[in-house]
Every structure is written in structure tokens, then in C-alpha cells.
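Dropping the structure in here first, questions after.
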Amino acid sequence: MIKAGIVGATGYTGVELLRLLIQHPEVEIAVITSRSEAGKPVAGLFPNLRGHLDLNFSQPDAVVLSSCDVVFFATPNGTAMGMTPALLDAGVKIIDLAADFRLKDPAEWEAWYGMPHACPELLDEAVYGLPEINRELIQHARLVANPGCYPTAVLLGFLPLIENKLVDSSHLVADAKSGVSGAGRKANVGALLCEASESFKAYAVPGHRHLPEIRQGLEATIGMPVGLTFVPHLVPMIRGIHATLYSVLKQNPAKELQAIYEERYVDEPFVDVLSPGSHPETRTVRGSNVCRIAVHQPQGRDTVVVLSVIDNLVKGAAGQAVHNMNLMFGLDETTAIDGLALMP
Amino acid sequence: MIKAGIVGATGYTGVELLRLLIQHPEVEIAVITSRSEAGKPVAGLFPNLRGHLDLNFSQPDAVVLSSCDVVFFATPNGTAMGMTPALLDAGVKIIDLAADFRLKDPAEWEAWYGMPHACPELLDEAVYGLPEINRELIQHARLVANPGCYPTAVLLGFLPLIENKLVDSSHLVADAKSGVSGAGRKANVGALLCEASESFKAYAVPGHRHLPEIRQGLEATIGMPVGLTFVPHLVPMIRGIHATLYSVLKQNPAKELQAIYEERYVDEPFVDVLSPGSHPETRTVRGSNVCRIAVHQPQGRDTVVVLSVIDNLVKGAAGQAVHNMNLMFGLDETTAIDGLALMP
Amino acid sequence: MIKAGIVGATGYTGVELLRLLIQHPEVEIAVITSRSEAGKPVAGLFPNLRGHLDLNFSQPDAVVLSSCDVVFFATPNGTAMGMTPALLDAGVKIIDLAADFRLKDPAEWEAWYGMPHACPELLDEAVYGLPEINRELIQHARLVANPGCYPTAVLLGFLPLIENKLVDSSHLVADAKSGVSGAGRKANVGALLCEASESFKAYAVPGHRHLPEIRQGLEATIGMPVGLTFVPHLVPMIRGIHATLYSVLKQNPAKELQAIYEERYVDEPFVDVLSPGSHPETRTVRGSNVCRIAVHQPQGRDTVVVLSVIDNLVKGAAGQAVHNMNLMFGLDETTAIDGLALMP
Amino acid sequence: MIKAGIVGATGYTGVELLRLLIQHPEVEIAVITSRSEAGKPVAGLFPNLRGHLDLNFSQPDAVVLSSCDVVFFATPNGTAMGMTPALLDAGVKIIDLAADFRLKDPAEWEAWYGMPHACPELLDEAVYGLPEINRELIQHARLVANPGCYPTAVLLGFLPLIENKLVDSSHLVADAKSGVSGAGRKANVGALLCEASESFKAYAVPGHRHLPEIRQGLEATIGMPVGLTFVPHLVPMIRGIHATLYSVLKQNPAKELQAIYEERYVDEPFVDVLSPGSHPETRTVRGSNVCRIAVHQPQGRDTVVVLSVIDNLVKGAAGQAVHNMNLMFGLDETTAIDGLALMP
């Protein structure tokens, strides 16, 4: 059994990670830490876990965490980087669901996250945990940076176009829409039901922290700078991300875009390319680790439209983290994350 | 492997039954019939099943269905009773998720459902499939009438009071609230998002078909007529039933109501009595087969308030049907229905 | 023109009051105070007011408020009572949308609101501002306690039964359901979209502050103690209250309940008794000052079921406050609050 | 008083038109026709109108309609064109809220709407009723084609860029999101609450009927062909459209984009240009006739992002129709459509 520790499981990513790990046949949840909830039963905060998890939150304790095989950080940005070096030294594998190890350039990290990086020397070693790109690196990693939710949906949607250099990469547009759970389980007026339901808005148009992360992923793939416009929007629903991606073909591709997408993902257990003319709905992936993608070329013109949907808390966070853990420990990679979406 | 057939799986109960059976280690789904969708892939109608179910809908066929070990009817009321006698003769076990075999009195059935009963001679044999009451009968049944969603929530909430004759049973009130999925996957104006969201209403106050079903269950328990006022309401959400039950104590109970409830359900895997002072939320059972209950006696007066929540599509329909199947086939009764609720 | 001041208009009641007063032909909004937002444009916080209101929030100032003809308090409980005596002395009329002057008994107020009352000597003078009961008193009042949202819906629903002593008043049940705006525009986890949408729950079953207010209103009407069980629930929607009221007839009424309700409210501009067999929907009053009521006697038994819906922010708060102002200043009482509901 | 007739007011556009016209001081609603609902009270179908409208639906009758000053068509596409010639001959002014007279080219109309046009000779005369472009033409028109909801939001957002030829018009992108009321009040499975809520999807990516309408408007403005990619999405909410518009600057504009937008719309009563850095929310225009717009140039690159929101049933349909009527009859153009948005 893999002994797992979870740091900071009081948010939506945390409870989703618990839901998946509780049902994982090879994992024993050893410790769940939370400074604010220490001493209280986890199932008191998340009643859906009643009867399935008999653990209390505890104070973070380096000794206890060091005895784990793997530690997940479901913490605010900036926490994992403080504890990671010591845990790695103790032989613990680390999966950070926050952003601490996602950007390779510490200066860029500092610019977007507003604080100096605590261990820039680990940024090179950290593997960006998108299995569809980095499967082998993940298998051998000690430290995995679990991708952001928007980057997961956007990168999987753009990859076949970018890898094959089919489109003008200087003017990519990612118009992305997320459910409100992306804002986390924090008391803030903007995420109140009365503020966020029955309404729709864009936010962070001048710049969102996932912009450099997506750009880094695209540039690493294509090996040159890309021009990306990324506009996130808030959808009045709990879960789900829908990315609508626009790019302009450099020339007519030698083969159907549909075939290019199907071939790219034919062996991927968690990417589902829909049949031509389809429109994926976020609800078809609710609670599941699947990314569903459709590719369109409206009216046969030179603009490609890709539609990519995920559950931001699963494929965009906790499910992908478990996927990474499965890979890091040599398990069947679909273990415990092959559940079906809940629909309706 | 149990060979299962499903008749009429084009609604919400059907897709939920499929989600559970696909993940059931002892079940092989042999056939899924639908007159309207015959020939089309099931996963085309329900894209959450893509990659997990490679079956087409087929025309109902007596021979094929007769070769099954169990047939589930997820059909409109009145369909199951037409096919059941022949299937029973062929040795098939039947679980009807509709109302055909729920009422013992064929005259009452006819009065509420507006058609004569096709096989009243089977009504006595049919077992009302609420495991918390009829576990042993279900284990030996050929024909199980899966309870209605409201009756499941209301009966489980009232049972400890009624079994112990603690309250005035002539003036019971069940104020019940259901998500819109209870109305089914039919095109009707009243269930449109624009009609049903951002609004709340009662319906069928003069009389709802679940009234006689609940009344029958209560009267069978207490052995005398009961007076029940049942008012269903429509909640602007997809899944979930919340029953708020009111009754008046005949005298102060000899023991705490809390203890009475806990003892009644201590061995029940799918009934969770919350701690004193709690308020169950429907979301804590979304997608799970659990009924969560809290019992209150506000201000110490003589009125008891019971709060009972279920997922109408799981414990109120498909999950309970699988529970019944597990019992009928001697399996561990929690097989494939012990999943955790999806929250948030 | 009536010079109006508003204290504390940063919540949902406040913005709704502004929406109504801006469109009131006899009112000039002179000042809107808020300690936290002082100096900022009101339309910055509430963009729906852009172009219709060119005022900044200001610090509360006794001199400025004293120059108003009327001051509305849209503040947390406990604020109005501190400023009211001085304003009354200055000749200002007061309408408090909070609870400070609703309960006649200062001991009960203290028990439920957890603080001593600052001016118990004014409780007798304060008029409970439900025009359907106290129209004449309101017309001559200096100080009006605007009713709570639940009490408005429940009292209007029960009144004809109670005034005519038709039902057993020792076991009244009010099962009430409210949209989330009733919780106010405060950052609290429970009112987040991800916590409150797609779910339904009861709350405060042991005791809610509106219980004594409703009980006081019923007892004042009938002249004897009543036994009331009041259970509020949270509905996943923004606006609207639906009260489902249960009571037992003492004997068959001499006249149809329908006629009794119609006659009681025939002259009331803001109470609409629906035709027999109806089920009012909260959306039919969204944004309007109307209370719609239906009365049922299911299966002809002795239990009466009354359905009563309001918009909690209009008839349950800001609209009723403007109604009270209209009465206090001798205007046509429907001025500026006769708008139609927004549907869908 | 203007005598108004409404043909086909049983949908969401119809009820919204009634809400506005009932409150219009210069309009008398003379007749409301509906084949399916003839003889029934209008307020029975739309209870929000109870007490404000005492009319029954009637069968369409040429004589009665001919006696009106203006007739609004709130009918499915293809109805208005059959009745319009005769009504124009009778001196009636026509405002069609459907698409019959929006496209100038009858061949294109036939291609997108799948039927031959009944009166192509009127297409030239028909004025496209977007007051911000065609105010003077509308003032003198007999026949106004009320714009589609998406075209209203998209055209108002693009106009300042296109009129000033600032962007590459061969690769415009309009990523638009609409509430479900855009699908109308028809029983269809896709618009059920259980299908459309808690989900997000694109639809009609291969081609939507509003594409040629938007393109025609843009091309008329710029005087040359444009390349437009238009992707509509369905938002789980009732009302509101949010258009996110992408285009690439041809060169740095001589003046700030913000100033260009503000100047373009400074005299427009129903277009509100937000301050720099803003993100309009659809709820800020719910129930109002306003379009709110923000313009961004993320990271100072050459891609312009415009955000444009309207209420699809008001500025995108009924409100704009009343605006057109006001212009056609020489009234103050804001009469009866200057109401504030309902928020929250």
C-alpha cells in the first residue's frame, strides 16, 4: 500500500482528491493536515465522506509527512515550495496541485505570483505533470507539478495543431470558460450564489496566471515563442471547463484535422476525440478524468475551432494528480480514476 | 456473471442504472431496449458512457429478454406489467423501477394511474423493494417493485416514529422537495431551464401518485389507517429529494428520539443518522445510495421534525434497484453502490 | 419631493431599495451612507444603477441625515436602534428594514438577537409595517419596523385562517423556503455558489429569529398563544420565498376557504389570491411587490394547505419599505412599486 | 395612444414585449393573437401579468390587425412575411422580431432558413432596426427588421473598430455565449433544466443563422467582405448574452481604443462603455435595454478583446423592438425602456 499524506485538504481540490484516494485500492491515506481545522473530523467538513473516512485533520508535522511515500499539496500557492526540499530529502515523492513548480523561469514565477521562489533550484527537476506530454518523465519523477485546470484543457486542445506546426502560432486565441469551483472554497463575495449565478462574465482579461503556464507549454512543444490571447470566463455552474480555441491554418493540412486528432490521442486513456461535427458538453465529464475534444473548420475557411472540455476538479486537478501518482508508482495508470461521469 | 437486461433505458433512471451496472463486477449488461432509439449506440444518447459501454439500443424482444437472469424496467408506468408474467414464467427475475407493482390494491392502482392493471394476480407476490423494511422478502423474491423516490425518503424518515407508535398518525405531514430530474427526460415546457430554474413551487397538492404508496407503507407498518398530507415541491436543481416531516408526539418518548433513530438504522449500510442538531444537505448524497436523516424536536415542544435526504435517481431509483438485485442474487448488498457522493 | 436618506445600502436589500427609489417620482435620494464604502460611487458597487444614480457613499453624518424627511435603515441588526431616537427628535421619519423594532418585548428581542435593546421605550410606538394589517397605524407612524421576509409570507398566508379562528392554532406548521439572497451580500462559505447551488437543505430548525416575529403577529391577531413550528430551507436560487403552511380545521368552515381568502384580500393591491387548484411560483413575483396565495384542502380532509410566495427582496423587504413610505407620506400607496415581475 | 397588435406572443420574446408595452404610457395593446392559445387569458399563461393585462389571446384576424397602428411579430421565422404586405397596404407599421426581413439577399435567406421568401420585394425597404446604426432610417420606416440577439451584441461590440478600419477584418472572431431563453419557450429536450444546467457547450459551430446577419452588418459598415468566425455557446442561465470579440490591429491606432469607443457611443442612451480594465457582467443588464461594453488590449499586444453584454430578451429582442417603435412614432426614444436591471 502506498502511504499518502495530504497537506491542506480543506478546499474543493482537496475533497475531490480524498474522494478518489479513498476508493484507490493501493493507497492508504495516512495523514490530512490543515492548520485551521486541526483536530476536527474530515467528514465533518465534507459530509459526503461520512462512513468512508475516519480521520481528523492534523497540524502539519514534518516527521509524520516524512514517513509517507507520497505527499500531495492541495494548498494555496507558495506553501508547497517551503516544505518540498526537506520531504524530497526524506525520500518522499511530491505532487503539488498548486502552482509552485509549474513555471520553469523563477523570474516569471515571481512576476505572476508576487513572491520570490523558495527553491528555484528544484524548478528544473520538477516535471510538468501532463501525462499526455510527459508520461515517461513523470514515471521517474520525484517532484511533479500538477498542471492548472485551464492549461490542461487548452494544451490538450492545441497540442495536435502545435506539434504538427499547422497553424500560425503568433495569434492563438483561447477563450476559456470555467465553473465557479475554480475560484476555490473561500469566502469571497464574487463567488456567492447571488453574485455568480444567473450571470456570465470574463475576468482577468489583462492577464491571468495561467497565461504564462499555457504559453510555456506551447513554446516547449513548438520550440519558438507563441502569441497567445487567453480570456477566462466564469460560468454559473459548479464544475467544468470549456475551452474554445481559435487558430489560423498556415496552409491546408495534408490530412484531415479529425484524423490528426484521433491519431494523436488514440492511446490516451483520458482523451476522447469526438466524431466530426460534435460539440462536447462539460457535463459529460463531470466527476470523471476525461478530456473530450472536437475539432471544427467552420465553412471550410482557414480558421480552426477546437472545443475541449474537462472537469476542472478531476482532469484539471485531483484526478490528474492521482494519474501522476499511478505513473510515479508504476501502477496501472487508470486505477481509481476510471469512474464514469455523473449525468445528469 | 449475472446477465442483465434493461427495458427502456432512455431516461434519467436508465442512464443512472447503466452507470451503476457498468461498474458492477458481477453483472454483464446483455441487452438495452428502446423502441424509439433502436439501432443507435447507447453512448450516443449518454456521452458520459463513451468508452465504457459498447452496446446499441435494440427493439424489445421476448426471446432475448427471456435469456437474461434479471430484467430491469426503466419504463413509463404500465409497460412492465405487460411483459412481466411471461418473463417470470421464463425464470427471469424482475425489478420494476416504475409503479406497476407498488400498490397492493388494484383498484387503487387503477384510480391513481388511470388504467386497469394487466396482472393484478401478481400484486400479492410482488415485494416492495425497500430493503430497510423488506430485506428478507427481497432476498427470495422473483418480482420486486422498486419504490418511488418520494416514498423512499418519506418512509425512511417516518419509520422509527411509526414503528414505535410515538406520534399521532392521523395528522402526518410530509413536505417534500425534489430536483427536476424527478420529472424525467421528456420534452415538457414545465421542466425547461427557463421555467424551472430561479423559481420554486409546490405541485399536485390536491393529490400525487406517491401519496397512496407512502400511505400504504405507513399503514402496513402501523397496522391502522393513517392521515397523511403530502405536498411535493419542485427545486431548481437536477438531483436530490429533501423530505421535511412533521408529526405530533402522543407523549414524551421513553428514550431520546436521537437514540431511537440511531438504533433503528445502526445496521443499515445506506441510512446515515446525523448527529443531533444537524441539517442534511441533498448534495451530500448526490450520486450515492445513501439516505441521511436528522431528527429534531424544536424548542422541546411536542412536534417532531425529521429531515431526510436522498438522491432521487440513486437511493430513490437506480441505486435501490441495484441494491435489490444484489439481495435477490445473494451478493454483498453494497456491491457497486458504495460510491461516494460527488461534492461539490 | 421627499428627501430620503439610506443608511447602509451595500447589501441586496439596499440595492433593491435604490432601484425602487430611483424610479419613484416623489423621492429625491439625498444621501447613502456606508462606513466601508464611503467616497466610492454607488454605481461602482451596483453597476445596474450606472447612468441612473450619480451619488457616492458617504460616512454616516447625523446632521445630514437629520435634514432628510425619511431615513431607511438597510443595516445589520442593532444599528438602527442606536441612531433612531435622535433622528425622531429631529423630525425624521424612520423605516427600519432590519429587526430592531419588530419585537414588542425587549427581553425576547435580547434573547433572540443577543444584545440589549438600545431604546426599548420606542418599541411600543414602533408600528409593525405590514400594511395588510396595520395600514392606518402606518399612515400616522413616525417609526416603522419593516417586517422580515419569512414573516411577511407566512403571516399573509395564515391571516384569513387565524382572523376567523378556523384552525387549531396550537399546532401550526410553516415550512418555508428562501432563495439565497436572504442570507445577504456577505462573504460566507455557506452562500457560495459551489455550496448552495444544486443542493437543498433546512437550517435553523432548533430556532430561527423570525419564529418569535411570526408568533407575535399571529398572537396579536388571534389574542391567544399559538404553537408554531417554523422550518426555513435554503433554495438554490437568488430571489423568492415560498411558504407552505399546514393547519388543521377545527370544524368545516361555513363558507369556502377560497371565498374567505378572496374576500380578505379583495382590496389589497399587493395580495393576489389565485384561483382554486393553483400553485403559485416564486418567479411570478420576481422583482415585484406582490404576494400570491393559493389555498388547498387536499382530498377534502381537515388539513388546510396554504401556499404563499413573495420576492424576499421586494415584498419581503425593499418594496414593502417603499409601500410603508408611501403610506406615511400620504402618497398613492402603489407608487413606484407597481412594476411587473420579470419572467422568465 | 398608439394601438398595438402582437402576433404570436406565447414565447419569451412575447411576454417580455408585453411587460414593456403594458408599462408604456403611449401604447394601448389592442390585440394579442395565438392560434394555439386563442380564447385563453394571456395572464393565465404568464402569471406575472396578472392584474396588469385583461386580454385573451385571439385568433389572428386580418381586419383586427389592420386597424392597429403598429403590429409586432413575435412569431417563428416565416410567419411575418406572409402577413406583412397586406398590413403595410392597410397603413400598419410592422416590427418583426423574427428573422424574415433581416437579410437583404433573398437567396441567402433561403439558404439559411430553408424556405423561399414570400415577399423578397420588401427586403430592400425593410430597415435593419439597430438604432445605433440606422436611427434615421428607422424614424421613417414602415417595416423594421428587429435584429437578432447575437448580432446586436456582436455588432455593437465591433462597430467602432470596423467603422474606423482599425483591425484585420479577414479574421474576426466572435465567441458568444447565451442564456437558455434564446432557445425559446418550446418543449425540447436540450433546453430542459436537467440537460442545460450545470453544463456548458458550444453549438452550431459549422454554421449558425446569425452568422450571415452579423457578416452583412459588418460588411455594410466597412464596404468590403469580412471573414468572421462565430461560435455560439449555451450558458446555464436564463437571460443574457456575452460576446467576446477578438481581432488584430492593423497598426497602432492614433488614439486610445477606450476613447474611440466612448466617443462612438457618447450620445447613445442604451450603450454604456465601461471604464478601462472593466469586465461587464450579464446580470448588470438583466431586464434592461442597455448594452455594456469594455475594450481591452491584453499585454499591449496587437490583439483587441472586446466584451459586450446585453439581455437577449430586451436589447436583443423586445426592448429593441419598443425602441424602434418609439423612433417610428416620434416619441422620446427611451420611453418605457429605461428601467433598471434587476440585480441580484
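As written, the chains take the letters A, B, C and D, and residue 1 is the first residue of each chain.
Rule of thumb we're sticking to: a residue touches a chain if its C-beta (ideal position, glycine included) is under 8 Å from a C-beta of that chain, and two chains touch if they have at least 3 such contacts.
Everything numeric here is computed off the predicted structure, so don't read it as measured data.
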| item | value |
| --- | --- |
| Chain pair among B-D, A-D or C-D whose interface repeats that of A-B, sharing over half of the contact pairs by residue number | C-D |
| Selected pair, greater C-beta contact count between A-C and C-D | C-D |
| Between chain C and chain B, distance of the C-alpha-averaged centres to the nearest whole Å | 39 |
| Chain C and chain D: spacing of chain centres that average the CA atoms, whole Å | 37 |
| Chain centre separation in whole Å, for chain C relative to chain A (CA means) | 45 |
| Multi-partner residues of chain D (each touching 2 or more other chains) | 12, 181, 185, 194-195, 197-198, 236-239, 280-281, 283, 286, 344 |
| Residue ranges of chain B in contact with chain D within the complex | 12, 180-181, 185-189, 191-198, 236-238 |
| Residue numbers on chain D that touch chain C, as the complex places them | 12, 15, 19, 22-23, 46-52, 181, 185, 198, 238-239, 272, 280-281, 283-288, 290, 292, 339-344 |
| Chain D-touching residues of chain A, taken from the complex the two chains share | 171, 173, 175, 177, 179, 194-195, 197-203, 205-207, 227, 229-231, 233, 235-240, 242, 244, 246, 248, 277, 279-283, 286, 294, 296, 298-299, 301, 303, 305, 307, 309, 344 |
